[in-house]
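This is the structure I have questions about; it appears just below.
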């Protein structure tokens, strides 16, 4: 997604004569948006469909979406924190925790599902609030503070469920992974709703403040931005997204596992970086990270259908990650050189 | 003339005329190092209440031996963090070191004297590649080392076909299992390593350059520091020390596995951070990091001894990390420091 | 500017190259022989001796005549993440698999996908770890009572009393839980047995060694260790400590068995039993699947028990050759690494294989696939492990390999 | 009826009562006292100067007024009511706003967004309308005569001077009662625009606190001044009645004398230390110059005439697009400052931005000084406990940096001492050519004197100095010879007694060298005026 600052640049700026209104390089616009990662995704999907014609039927698409949704939502939450110039490791803890809660206390029916959703959001929000308090108010380094909360959440998850098991309610497991009218994957819809919300949030004062504190915290503070509240809210919102990711993960695996969040920890950062969001804050967007997550998931499929030896899939993933980040960085730099 | 910090809001720290003391920051680092050390001792002594055998010299030995891996790994991690980076490839490189040591060298190979350095060189090359990506291709360290980690693991998997072979080199076994002057060799080694690491980070010109770069790359470049070389250096040192830690692990458990380094990633970061370094770079000492590593290991030993279920132990571990972080906050030390003045 | 362009070009080339490289193997896979069975070997992770041996013997069997002409085997390692294995299964089903031999990462998470596969006619054979989906075949020793039998053996060795450690597996893992439950069921009967420390060793020698060292620091007076895989690390920790050894029960590493048979160690007090998870399960599962696919056997999806290996210290016997012959069950130190899991071979079920098959996945020259014994042992229900909504047998923890010698 | 800011006319209020008063305000951090006791009173519609050396407590006082710092003691009254803001927002609500010296603009947001921070959304809707924001931004820009700036431009893409103007405009927008301008001209070469805006605000009855090191400026715009020294307010004086000397004395406690360095003739026959031919790129369009041993060559220019590029090229920070650099007569092609240091007799660079390019905040002042020569400080690569301080001592002495400070983290030192340490660093390198970019930017009078003395002493010992200064008196005082850059080219070269502020001003605006007057013809009206103001 485009940087908020440039979102307006295409607006009414009447001329390029004015100082500062340097004409934006088209490439630059591309990198600021999710253009690059979107392009990569389409390319990979074409490749995948070429190798595996069944990739285009609605079941396969839904399965891919189901597979993508947890990482996409986790990466979305991580993006918020990264935009505010932070790192959130608690992602692994929150997802594990919501997963075991859903598996140990399944609530049947649509009403139960709604309640489960609220529980997930509450768990994520609560952990996020603790993170936010530690980072924004007690001024701990985010990576260190969230490391501690991650360990604690993992511990709580193990206390609730000490071995994989339990069953997520059927309604969640079936409906959230199903298709509406046999076509539209529900998991995709959930991700779309999150993206839609993000597009709205980006246009609020909070959204602007988020980018502001990520780029230059002292300046934002002196401009009247309430840095602590913004940072606090960011962790809470991120936590809620992890909770949602936990819900989608539970829907897909239909069971509880106290370690289920761990694999998503580093992947979420990879997805964020792949989406072109700057790890030093203030630049990037949530949609791009979602696409980054989708690309990572799709990459596995493509590597599988290409028949790459399983031993070496990591090699390809690593190389693609580096190349994509280098490429997006290059485009950004070319664009910034006016 | 008065002394004043003109940094906005956050760190406004002023010193009035007639200063007689050293810089606040220097003492804050020293204090936090001491605090970590004191915390370790308190934990060890407190552990006696849990089991009478705890807090004994033999437990200290165990902690030092088990902690030595983490100390070596977090030395490299600390240097990378000092320059504002992060090395996520440590586990993979440690595994690389271990696997190569068992595969190339084996138990009693007379060629060990040149093969082992070659193993470390190979690890150093991985570090160099990471650094090259970071310095020249401008990939963020977090991503570059993550990708390197995935790549190295994958290559190792392919190289070993999933089955690590060979035995630990005799030298590595002697290092981890030997006795010198009645003391376990790894403890003596640890003392020597900490001394060297401290000399390197706090007393060598390279250490100074790293601090300078971690504080402000551009200013360091303008001041004429060899910036490129010094940005590469920590990754290479980190990879070599990770490789060495792999060698130590192999010597300790007489064999390599493909995931032998995995459990050290987060602890290596935690040790550095608990030791009072800033994750943003430019601040922190190796002695603090050593304290952090030993503290974490001590904690692990004691928690193992408590007969609690794993979940509760994990919660306690997390809580103690959190408490350590809260206690070691910089503001707290400034307050303490100002009381002492 | 020129350098920037160059860099851009390089990056573009690299990206292109990566894509090309990704496509290449697909073309290299070449024209398919329609008559071959498409079998996938799905691992969750690789990197320890157990996993790679289990995978290697399947590869070796698939390359042994007549399977070498019948089977197109592909190995997929998806990582220690249920989601990744779900995705891998999906891909395999979409690719038209005939059968999937797999070590499942989760007993329940894969169910939905497995069910979809079954509906499309894919055979699922799980080895060692199991799934609760009833349309999959589980081939596992899990129901054979490793935990309770080894615990009883330890109790017997200790004469019914003593301080012991429990060296467990991976926290939050159902297999570990089953073993530990069984063991604790036995220990609970003996008030003289005191579990002074219980720690997780992640089924890994090195971790076992470190965790045992930690526990030893607190309890140097330990009298016995009940361990799961990684047991050799426990012995090393005891040796590091100096002084005497104690009875240790554990799984099937070559190092452990050699130690059990070593007179010097025995003199220091080491005794115990080597039992536990055999990698040979994968081979058995694969052969069963092939027999069903080729129509040599009729079998509805069910849980099949693999017999529990059971080698007390006095039964350890060194093999001279490459196979288990004449009741031998351990290989010399210079032949295999100490972490080698000996129970990858089975003279009855898998006579086609030797050490090289286990280490390298190569078929034995001149060997051909031998038919399996007609009889299979059906496994007992283990709720949450091999069945979803079922009752455990009343005598779930009954002893099969050893009888109590103390009260 | 609305005034310039679009607010309802407030003319009916009693001007005299709209004042800000602070009495006995103090603030300490731990054992250190930042502000001991400050009294100050601002009158509505009046510009009041706050003077004092760096570290005298000016910034603390500003922060207290702004709500960013909460005082330990003392009372403030605004318009007769108690004023104790606990946050910037609270201060803004009371219509007190500040243009900060370090600029408080967020680089990745647009000009318009920065203007409206933190509340961009209009009333009624939580969503922000980009069009609305741009319109409001454009409105504000227009009100402050900045229509040339695009409201949609990213702050980070604007030149420093424009950013400073935006910072000032924003503060004025938010300042209904009290406007605080902290070093508003630090990056502005001309004051016209600023003074015009101040004039407008004054007309609205805003009380203005003006902080600057440039006394000429202060005299022009302010009517009275309060002097702070060591955290105490020394007194308030009417500027009309106090001489510069009086004020300096209040600030530093003793009198300061200016003396022009006697011009030195440089042996033209000798190979110049540094010779540049047709240097191009980074704002330069073919610059040639030569710098001899023992010579101090000044560079004067308006903002953005290529001086930055010139220094960065010579320092090795940028690569030239064309031209050659000769050091000691030999062709030199260095690509970084480190290579520049080692090139021939060495070139050392004192950067423009102290905070971002100069100091290494967490390290000791001694380390900062010896960083370029670390290998020589250490023995076999290792450094003893006191080695750095010992090595830094001689050059610290040259700039009169109190050796006590060498052990301190440089970030904890005052701006003046930081600059001294950086100057000491350039001297310590042993390079025979110094490139000093605005060596006295934002430092107090005492420090300036020390730095001048160090530069002169260096030249006496045969060193060569190329320096740029934004303050013309400095060039007049120091330079043996002076180049005036205009449009990326050397517009004029002045020597000896020709170096006078009037001549410089004329040359800087591209005025024909033969014309005698300082006033420039129409096309350059604004800068000409500005520079003239500056030079007065």
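For reference, chains read A, B, C and D in written order, and residue numbers begin at 1 within each chain.
Quick note on the criterion: a contact is a pair of C-beta atoms (placed from the backbone, for glycine too) under 8 Å apart; a residue touches a chain by one contact, two chains touch by 3 or more.
Just so it is clear, the structure is predicted and the values come from calculations on it, not from any experiment.
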Of B-C and B-D, pair with higher C-beta contact tally: B-D
Inter-chain centre distance, chain B versus chain D - centres from mean C-alpha coordinates, in Å: 42
Whole-Å gap between the CA centroids of chain A and chain C: 36
Chain C and chain D: spacing of chain centres that average the CA atoms, whole Å: 71
Residues of chain D whose C-beta touches two or more other chains: 68, 100, 102, 104
Sequence positions of chain A contacting 2 or more other chains: 158, 162, 218, 221-222, 258, 309, 311, 313, 319, 326, 333
Touching two or more other chains - residue numbers and ranges from chain B: 7-9, 137, 157, 161-162, 310-311
Each pair of chains that touches, named by its two labels: A-B, A-C, A-D, B-C, B-D
Complex interface listing, chain D residues touching chain A: 66, 68, 87-89, 92, 98, 100, 102-114, 117-121, 126-128, 130-131, 133-135, 147-155, 157-159, 162
Residues of chain D touching chain B in the complex: 28-34, 53-57, 59-60, 63, 68-69, 100-102, 104, 230-231, 315, 317, 336-338, 340-341, 348-349, 351, 356-364, 367-368, 371-372, 374-375, 377-378, 381-384, 402, 404-405, 407-409, 411-417, 425, 429, 446
In the complex, chain A residues that touch chain D: 3-9, 11-13, 17-22, 200, 203-205, 207-209, 211-212, 214-216, 218-226, 282-283, 338
Chain B-touching residues of chain A, taken from the complex the two chains share: 89, 134, 138-141, 143-145, 147-160, 162, 218, 221-222, 258, 266, 269-270, 273, 278-280, 309, 311-315, 317-319, 321-322, 325-326, 329, 333
Chain B partner contacts - residues on chain C that touch it in the complex: 7, 45-49, 51-53, 55-56, 77, 171-172, 195-200, 202, 204-207, 209-211, 213-221, 233, 236, 240, 337-339, 359-361
